[in-house]
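Structure provided below as C-alpha cells; questions to follow.
Chain naming follows the written order as A, B, C and D, and within any one chain the residues start at number 1.
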Amino acid sequence: MDLYEYQGKELFRRFGIPVSEGRLAETPEEALAAADELGGPVVVKAQVLTGGRGKAGGVKLAETPEDAEAKASDILGLDIKGHVVRRLWIEKASDIAKEYYLSIAFDRGAKQPLFMFTTQGGVEIEQVAEENPDALVRLHVDPLEGFQPWVARRLIYGAGVDDPNEQKQIASIVEKLYRAFVESDAMLTEINPLIVTPEGEVKALDSKFTVDDNALFRHPDIAEMRDTEAADPLETFAREKLDGDVGICGNGAGLSMSTVDVVAHVGGRPANFCDLGGGGDAEGVVDALEVITRDPQVKSIFFNIFGGITRCDEVARGILAALDRLDMSAYPIVVRLDGTNAEAGRRILAEAGKPNIYPEATMLEGARKAVELAKK
Amino acid sequence: MAIIVDNDTRLVVQGLTGSEGRFHGLRNRAYGTNVVAGVTPGKGGQDVEGIPVFDTVAEAVSEAGANTSLVFVPARFAVDAVYEAVDAGIGTVIAITEHVPAHEMLRAYPYFRGKGVTMIGPNCPGVLSPGKANVGIIPAEIFSEGSIGLVSRSGTLTYQIGHELTQLGLGNSTIVGIGGDPVVGSSFIDVLERFEADDETDLVVMVGEIGGDEEEKAAGFVQERMSKPVLSYIAGFSAPPGKTMGHAGAIISGSSGTAQAKKEALEACGIEVGTTPTEVAQMVAERAGARA
Amino acid sequence: MDLYEYQGKELFRRFGIPVSEGRLAETPEEALAAADELGGPVVVKAQVLTGGRGKAGGVKLAETPEDAEAKASDILGLDIKGHVVRRLWIEKASDIAKEYYLSIAFDRGAKQPLFMFTTQGGVEIEQVAEENPDALVRLHVDPLEGFQPWVARRLIYGAGVDDPNEQKQIASIVEKLYRAFVESDAMLTEINPLIVTPEGEVKALDSKFTVDDNALFRHPDIAEMRDTEAADPLETFAREKLDGDVGICGNGAGLSMSTVDVVAHVGGRPANFCDLGGGGDAEGVVDALEVITRDPQVKSIFFNIFGGITRCDEVARGILAALDRLDMSAYPIVVRLDGTNAEAGRRILAEAGKPNIYPEATMLEGARKAVELAKK
Amino acid sequence: MAIIVDNDTRLVVQGLTGSEGRFHGLRNRAYGTNVVAGVTPGKGGQDVEGIPVFDTVAEAVSEAGANTSLVFVPARFAVDAVYEAVDAGIGTVIAITEHVPAHEMLRAYPYFRGKGVTMIGPNCPGVLSPGKANVGIIPAEIFSEGSIGLVSRSGTLTYQIGHELTQLGLGNSTIVGIGGDPVVGSSFIDVLERFEADDETDLVVMVGEIGGDEEEKAAGFVQERMSKPVLSYIAGFSAPPGKTMGHAGAIISGSSGTAQAKKEALEACGIEVGTTPTEVAQMVAERAGARA
C-alpha cells in the first residue's frame, strides 16, 4: 500500500523525523484557509501516488493565502500520469541550502533492508546511481543484527557530510527512518530531498512510503489511510490494462501472465487480465467479469484455469452464477479447465448448455478460440 | 533419490485440524506421503483419520519421529510455526500459507538459514517427488515419474508446464514451487544446486516471471556451476512495464526485470528460453530425446 | 542490582503482569493506613533482599487494619539472615488454588536466556529440580530469534497446564515476563509462586528481579530504586567479610581472591578482602582502608598489587595520601607491587620512609609477612 | 605461530584517540605490534604519533588493511563498535572495555559467532603472544617467549601466574585473558581448542575462579579432545559461599561453583590443580622439565 506524501510525513512525524508544518486541502478555499493559518509563504503540493508531479505542474510556491487559493485551483483536477489530483498538501515553504537523499528499502535479492544515501538529492536517484555511483552510499542492514549506530556513521562519512551539526541530525534521522521502516512493516521509505536549511536544520521535504499489505492487520491506523476513492476495489482487482480485445482471467499471477503471452503468441491482442487468485467462487468471478467488461474494447473472454487449491467445479459454478447475475450475452466466453476437479467442472458447464460458453481442452487451443471469437 | 521430499520424509502437518490442512494433509497421505503427525495447540491427543495430533512440534518430533513440516497455519501465526519447527529439530519446512508479513520472513530467514534448515515458501504450492512423496497442494495426478527437475516461482504455471510435459510423455524427479513472496526460504539457486547433485535428475526446467533479478542470478549459477542442462520459461512477455517500487526499487536489483531482458540474460548463459509453456515443453522433449 | 519484591512488582505491573494491589509501609501506623485503604484481609510482607523470609516470620496475614498494625510491629526490625527489615509491603490477601513457578534467567553457560516453568511452585525450586526434574520445563530462547509465541506453548503444554483459561493467561504472562527481562536489562526475573485463584485468575504473588548494573544508565527509573540506606557505598566496596585478622586489598577480583587463598595457605586468617579494581588513586585507597579497618579484628593489612591498567606508582602515592588522611599508625601495612611502573612505586614508598609500611617482593612473601605481623 | 595475535596481526584500535586507547595503543606498537590504524568518528584524517585515524572501521580495512581490532570504546558504545568491526570484515576483535551491558553481548554473541569471527572479551586484558604481538593491556615485560599457553578469566591473576612462570625461566606461546563478564566472546574451550592446534604450544595453564561451571566444561573438553597437558589454578578456595543469583541461578549451571568442587571435577578429568599461583607454577616447571 502506497501512502500519499502527507500520510508518509505524518508517520515521519510520529517517529520523530522533522517535517514542515502543513495542512490538507481538497478545495481552493481550504487551501486559502490553510495558508492563512500557517502564515508566510507556502508550497501547494498535489497529492498523487506517482512521481514526476513537479514537472507536471503539481507543486507551486504561493506567497500569500490568496495566491495559495489560486495555485490550488490550478492544481486540483490536474491529470498527472493518469492520476487526477483531488488533494493538496499546503506546507510552510522552506529555504533550501542543500538537498540530500535517504531511503531504506527491501532488497529482495539480498533478503536484507538496504539503506541508500547521497548528498546529491533532489534529482531522480537513478540518475545519481548511473552518472555518479560513488556518490551513492549503499549499505545493507543484517536483520539479525538490527540497526546499530555505526550504520548511520558509515552512511554519513561515506557520503562526505562534514558538518558535525548536520552529522548529528542525519544520524538521528537515519535511526528513526529505520525504526519507521521496521515498525510500520514498510517495503520502502524514501526521503527525497532531505534538505538542509540555510540555518543548518535538516528535514524531510518529501516522503515516499510503501507498507506491506500483508502486515496491515498490525497497523489499523495505517490501513485507515487507504484512499478508498482512488482505490476502486474493482480497479485493484484488475491487475493490468492492455490495449486489445481479448479479456483474460486466470488463476495465479504466473498463469495469468502466461495466458496473456499465449494470446499474443497466437496473434491475438489481450485487452486486460485479472487473477482469480486462490478463489474461484461466484463472487470472485462476478468481480472479474465486471472488471473485464468495463473495457469497451473487449470482444471475447478467456478463462484459463489450472486447479490446485482452486477447484475447477467451483469455478464452473462461479461462472454460471455470474451469468445469472450479469448480462454477458454479448460476450463469447472460452473456458479451459484443468487440474483439481477439472472433469466435474467441465461436466457442470456442459450440462448448463449456455450458448456463449466455449469449452476448450488446452491453454493454446483456448487462446486460439478466444482470438478467433474476438475477430468475429 | 529426488530432492527435498522422498520416501524418507516423515511429515508433520502444522495446522492439520484446519480445513485446508486437513484436506491437503489427507490428500498428501493418500498419495503415499508418510504423514506421521499433526500439530494444533490445544488439540493434542486427538487424531485426524488416524494421524495423531500434538500440541507442539517438539512432541511430534519426539513421539512420532517427524523430520519434515508442512505449514498450513494462518498468515499471522505462520512464522511462529516455522520457528517452532526449526527449534524442535525439523530439518525441512514447507510453508504454503500466503500473505505472510514480509518483515517477519526477513528476520526469520537468516535465522533458520544459520541453522542449516531447508525452507520452501511461504506462499508456495509445495514440493512433489512423483512416486515418492507429495508435500503441499500440488495436484499430483498431472505429474508422472521421470528425470526432469522443475522449479518455479509460480504455482498454477508450474502445473501448466508439468501438464504439458506429461502430455509429451515426460516425467519429473521433483517439482518445487519456491513461492513468489519478497523473502522465500529457498531461491532458484538453492534448488538448482540440489538438482545438480541429484542422481535422478537429468535436466531442469526453471519457470520464472517478470520482476526482480532472481532468474538472472540463477542463470549465472547455471553457467558457472551446473553440468546438467537447464531450460527456462519466463511469464510476462506481453505485460506492460510494471509499477516500480519507488525509485529505490529499480536501482536495487540492477535489472530492468522485463521478460525480454531476462530471456536475453538467460540465453547469454546458455539457457534455452521458451516463449509459451507449450514451446518450452517441446524444447525439453527434444533435449530429453537427444539425451535418451 | 537486586530489587525488593514491591519494586519488582511495580515493574511487573508496568509490563502488564497481573499483581495484587498493595502499599509500602515503613511504620506500623503506615501499615494500618495501608490496610485500611486496601480493605479486607491483607498480607504484611517484610521487604528484604534475601530469601527465606517466610520461615523467618517475615510474612503474616492480617484480618483487620489493627491486626496489620500489630503484625507490622512484629516484623519491622526483624533480622532475616543479616538483613534488618525496614520496609513492609502491605498487599491485599489472595485466595490460592494452585501455585506455579515461572522464571527467566541468564544462562551464562549456554549464553542464552533460560525459561523455567513448573506447576509445582511455591516451594524452593531447587527441590523440584532435584526431586522431580521432569516437572520442571526448561527452555532456552535464542536471542537471534527473540521471543516467539511457541515458547509459551512449549512451557504450558510441557508442564501439563490443561485449563484453556489458565493457558491463555499464562501465555500472556510468559511473553510479558520476557519483555520485562529484555527491556529492563534483567539478569533474572522470577515469579514464585505464580498463583491461580479459585476464580481462575493467574497472578504473580512474589517477585525476584535482578537488573544488570552495567545497563542502569538506560533505566534511570530503576536506578532510582536503589536503597541507599541498605547499600552503604563502603559496604558494597568491601566485597567479602571473613573471620580472621589479616585485611587484604588486591587489584582485580581474581588476584584479590587468590591473595586470600595464599594468606590462608601460609597459615594466616584473612579478615576480609577488597578489590581496588582498575583504579588505585588516593580516593580508592582511602575507601579501601576505611572498610578494612572497620573490622576490629584486623591486625595487619596486605596490599597485593599487580599493575596492568593499574599503575603501581599511582597506588604507592595513593597509599601515602591515605596515610596522611587516616590514622593508620596501629596497622602494619605490607605492600607488594609488581607490573606496570612497579619500580617507581617501590621507590616512592622507600623514599617516604613510613615506619609501618613493609615492602615485600612477592605475593607469597608478602602474605607471610602480613601473617607474621598480625600475630605480633 | 602462537594463537589469535601474531606477526600477521594488522591492528586497528577503535577509540585510539581516547586516553586509554592512546596509552595502550602506543604501548602495543612500542612492543612491536603492527598497529595500522585508529578509528574515532569525526577524527578521520588525524593521526596519533603517525598512526592514521579513520572515521569508520570500513576505511581502516580498505585503506590500512586492518584485520584485527582492539576496542577501547566506552561501555555504552562498545558493542556497536564490535558490530562495526565485524561487518567491516575484521576477523578478530579484542574488547577491553568493562561494564558492557550483558543483554547487548547476549544478542551480539550469536551474530558474530555465526560470521566466524574470533572475539575476546569484553572486560578482558587482551591477548599477548610474546615476541610477536601484544593487543590489549597486558604488561608484556613480565612475560617471555616460550611454549606454555595461558588462558584466564582474571586479568591481574594472569599477570601473577605469568610472572611466577617467568621467575622459573618458563615462557609463553600466547596469554589470553577471556574476561569475566556473563557473556564473553571466547570461552575456555574456544581457546583450549586453539592451543591444542598450535605448533608452538606444548602445555596449557588454565586459570579459573569460583562460580559458574565453565571450568568443569573445559575439563570435559580437555579429557576428550586434547593431547597436550593442561594444568590449572582456581582462585577462591578460602572464599565464603557467594551470593547466588536467586534460586534459578544455582539450578541453571548445575554446579556448586566452589573452588574445591571445581578442583575435584578438574582432577577427575586428569587436570592437575595448584592451590596457589606459586604452586601451579612449580607444577608447570616439573611438567615442562619432564617434557623437555
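One rule holds in what follows: contacts are C-beta pairs under 8 Å (C-beta built on N, C-alpha and C of every residue); 3 or more make two chains touch, one makes a residue touch a chain.
The structure displayed is predicted, hence computed values, not measured ones.
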| item | value |
| --- | --- |
| Selected interface, B-C versus C-D, where C-beta contact pairs are more numerous | C-D |
| Centroid comparison with chain B (C-alpha atoms), farthest chain | C |
| Centroid distance [mean C-alpha coordinates] between chain D and chain B, Å | 46 |
| Intercentroid distance (Cα basis), chain D paired with chain C, Å | 27 |
| Centre-of-Cα separation between chain C and chain A, whole angstrom | 57 |
| Rounded Å distance, chain B centre to chain C centre (Cα mean) | 54 |
| Per-residue multi-chain contacts in chain D, two or more chains | 107, 110-111, 114 |
| Junction residues of chain A, two or more chains touched | 142, 144 |
| Complex contacts: residues of chain C adjacent to chain D | 51, 103, 105-109, 111-114, 116, 124-126, 129, 136, 142-144, 182, 185, 187-188, 190, 192, 208, 210, 212-215, 217-218, 240-242, 250-255, 257-258, 260-265, 270, 278, 306-310, 338-340, 362-364 |
| Interface residues, chain C side, partner chain B - complex | 142, 144-146, 148-150, 153-154, 157-158, 164, 167 |
| Complex contacts: residues of chain B adjacent to chain C | 41-42, 44, 55-59, 77, 79-81, 83-84, 87, 107-108, 110-111, 114 |
| Touching residues (chain side chain B, partner chain A) in the complex | 20, 24, 75-76, 98-104, 106-107, 109-111, 114, 125, 137-139, 142, 152-160, 163, 180, 182-183, 207, 209-210, 212-214, 217, 233, 235-240, 245-253, 259, 275-278 |
